[in-house]
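The two complexes that follow have chain A in common; it is paired with chain B in the first and with chain C in the second.
On to the complex of A and B.
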């Protein structure tokens, strides 16, 4: 896929993990050895960035997800139904087996009135109410993206809508896929794992180890510059961007090897520092995104 | 402190082995076995040296935490004692002096935890002298304890002095 992936067999395998899992689902469906399950994609307070990112997925693509991999019951941006019909479709899953994916944070101020996702029987349905109702009964809940996993941009200061993570309003296990947005492979791989084997192995923050087990810093192609103490002074320099405020050393994802937009590139390869979008606390805790009045350079 | 407990246990274990070896040496007639035991003994002694070195590190940290408590009293004499306690090139910094080491415009980045001042200028988790919204040049004892209590990560940082 790219230069950094070619040397290590373990990483090469990890890169193919999402595609391999989905292929396995495909084979099992063909042999009728696996039960197809319902998927709900609930969007709360966010920017639709995660569903857009998923639409950009290539290996496997989104079309396979909605047509073959699951019964894709509801998404507010993609649903054909409108108004009350769409709401009825959403809540029709209650009482059956379904997997719930949530993007966006939960607005809690004024009992959730800052985010109305639709109307049922003439009454507004708040995002808070919907996520509680659907989250408690779901077989699995997957929080997709920064806002759903820890509040993210929606909960950034001053947080006028009182946004919180999905976990904060649900008293159950929530699988967390942080990232702003979440990589299509991270979601597809996690979903395929759930369909095949159930919940994947998670770390202490409930992130799947399949995708979140290494620091960006550990696999960064510019790591040797860091070790040698050779630092970039401005974006565009080809050396380590630590002094500009790169958050790669505190962010746990496989961006350096997996890369983005059909495995074409990623921020550091394109000369901008990592802003830690997949770390809990983003964006407030990851600021400043860039600094020019930097610390001294020390060569070891 | 967990590290210290571990080293203490290790020390007790090594000492017990040494005593056992010596007891054996008194009764072993065979030269070959005696040499084996002597070899084993030498190995345990080198382990003992390593463990002693490891013990020295936390002990130093412990004494470092003392002055912040001592200097809570405003007596001038106490401060002199603290300064005398500084070893080698270790510096004594006030909060105001510490705030100058904010990692900006070529200045190094220092933070203080438990009265000890650490250099985080080139620590990977402190890009641009900030760490999860915290800036360098401050006493971060409370913040450290709320996030990293029980983790031995301070041992990896370079100590530059202590805070008074």
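On to the complex of A and C.
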């Protein structure tokens, strides 16, 4: 140690460099002030379950979101305006700074005519048209929930409406928050990061590492049962549900530590297997959701 | 002179919808409700494991997902010959009750109130175009504050749901036999505690709020009546020891109230894009093929009918049929009935909670039958919901869903308009540019439609309505 410090001419500088960097980051973070920005929440082909999940969020809750984080411009479920006036409000953001959140898949059949979100000047506006127009100009695009991130249930086999993900129709970065629905904290946390510091660190599939970095299986409170080979035979049992078809081993979210609805519960604590709703490929690639012993002989 | 009003989107409903109303001398003389919900769930379910229907069908709707988990579970139990225990039923119905409360509170405050109350304009979301706000400032401000305060209450209804259901929307708890987990004492008392707060809010704020609106919009007791045919599949009913806590399956048509008989349900396709040997069939009979070349058709919806008649279903139908509220059938009565029903449901849930035995497990290992058929009919937040299914070679071979909004917002058949279409007739429209009256009438039915689908064929716009 002493040898290095006395022989290396750069040693003290290096020490300072680390301290300087830390200082820089600290100052940057300390000075980051939350600036309210415009937010559009567009619903496309889906069940509108993500806006309901957003209303279920707490600290920050929906009131905080619309009062202190954003100018919440438009959402089909909540806007007081209706008809063309509502559409005018939706498109009023074009030309200014805004963040676009999209829930639902994009129906592509018949050039998008399978999904009309309203009328402008008497003409129907397709979801495809709206997401392209708003998506290209947005400062950030956040795909919220399974249908928006990869088609989800709207695109389930045989995909009658020809549904695809938001990314499939946009040639730009789309932050992806898979989940059916998306946890309100995953959206609020991502949005807060954008407002304070810019885009959060994303994995290779554009999911924020903050929420999607770890497999459910790795933090499952029932992991010790898995390790010991003690498996549940039916929902309601308190041991590992791997043999019921639990998708925890392939699903990356923080459900085990975060939990849902003011953090009171989550599917595994409810004695049911994870169905992989936050994993790409849901639902088709995650079925069957419930089996009674996946290791038993396959029925002919 | 007839003028046509087109409203699209109809905001503050679940999903997308268009209304076309023809207006003469400031009165609606004809109307078409085009709420289109076609994602093809029935086709998607074919070939899937029967058990998966419980979680899969919840994705039909994000605001009332629990309803579909209940109906699909009942259909599976019927097909598999499983009779749930009374404790299993109590537990499941408590979860269902939570969903009722979440829906009714959000529908009243977030979807209905903005039609009558001026919300603070510094929020872009609350920008309103019409000017028919009649409440005195002080009362208006009180209701606007309750809009905000209600957000905590409706959220806590889902919190309560998650205590037994794992998460909401799209719960994991409702399943064959009752629910998956056990209601331990700590969970029961947690739900009771939350329920108490919700109950107090309903009694002290929500009920006074709806009567305040009724005082200043008395004309809405005379608007939006419609046929007056009422239908309920029943809910919170026929418990072995508790009897019926809310309503048995009942139907009221042509002035007579009778027990409901599921064999009288038909689906008409006269005005729908389907071809079959006949225009009318029973739910388990057929899954007709699409045929968009049909001359009369304007919709994907297969209009459900009871003895050939369109029926209203939902809180007012239930409150009227059960004798709890019989003031009348109108926009305002529908809105009041929904609010009063919230109190009723909270009371029913309390009774069920009082009768729970803590820590009971109701789950067993089930096997899928080789071949079976079943139906699950239940009244849920918006009204009568039915799931019908067939199982063949251990997988789903047929699935049929008729939603409450299918009943209320159906297309016409046999020269009769659908229920909401008829209710719109005679609705006065003061300002053709801002026809707030039409939206008020339609929202009183609490439409739940998940995506509007309009399709062009040969350059002509065809309006479609699909329900799931």
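One rule holds in what follows: the second predicted complex is superposed on the first by the 259 of 300 C-alpha atoms of A that agree within 3 Å, B and C clash if a C-alpha of one lies under 4 Å from a C-alpha of the other, contacts with A are read in each partner's own complex, and residues count from 1 in each chain.
The rule we apply is simple: a contact is a pair of C-beta atoms (placed from the backbone, for glycine too) under 8 Å apart; a residue touches a chain by one contact, two chains touch by 3 or more.
The structure presented is a predicted model; accordingly, all values stated were derived computationally and were not measured.
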| item | value |
| --- | --- |
| Chain C versus chain B on the shared chain A, clash or fit after superposition | fit |
| Chain A residues touched by each partner, larger count belonging to chain B or chain C | C |
| First, second, both or neither for A:166, with chain B first and chain C second | neither |
| Partner chain(s) touched by A:287 [first = chain B, second = chain C, both, neither] | both |
| Which of chain B and chain C A:229 touches, first, second, both or neither | first |
| Chain B versus chain C as contact partner of A:271, first or second or both or neither | second |
| Which of chain B and chain C A:246 touches, first, second, both or neither | first |
| First, second, both or neither for A:217, with chain B first and chain C second | first |
| Partner chain(s) touched by A:131 [first = chain B, second = chain C, both, neither] | neither |
| First, second, both or neither for A:177, with chain B first and chain C second | neither |
| Partner chain in contact with A:49 - chain B first, chain C second, else both or neither | second |
| Shortest CA-CA distance in Å separating chain B from chain C in the superposed model | 12 |
| Chain C-contacting residues of chain A that also contact chain B | 287-288, 290-291 |
| Chain B-touching residues of chain A, taken from the complex the two chains share | 217, 226, 229, 242-250, 273, 281, 284-288, 290-291, 293-296, 298 |
| Residue numbers on chain A that touch chain C, as the complex places them | 43-53, 55-58, 61-63, 66-67, 71-83, 85-87, 89, 104, 107, 110, 113-119, 122, 124, 152-154, 156-158, 160-161, 163, 180-181, 233-237, 260-262, 264-267, 269-272, 275, 277, 283, 287-292, 299 |
| Complex contacts: residues of chain B adjacent to chain A | 103-109, 121-122, 124-125, 127-133 |
| Touching residues (chain side chain C, partner chain A) in the complex | 6-16, 18, 38-40, 43-44, 47-49, 51-52, 55-56, 59-63, 65, 106, 110-111, 114, 119, 123-129, 148, 151-152, 154-156, 158-159, 161-170, 172-173, 175, 180-182, 190, 361-367, 394, 439, 450-456, 461 |
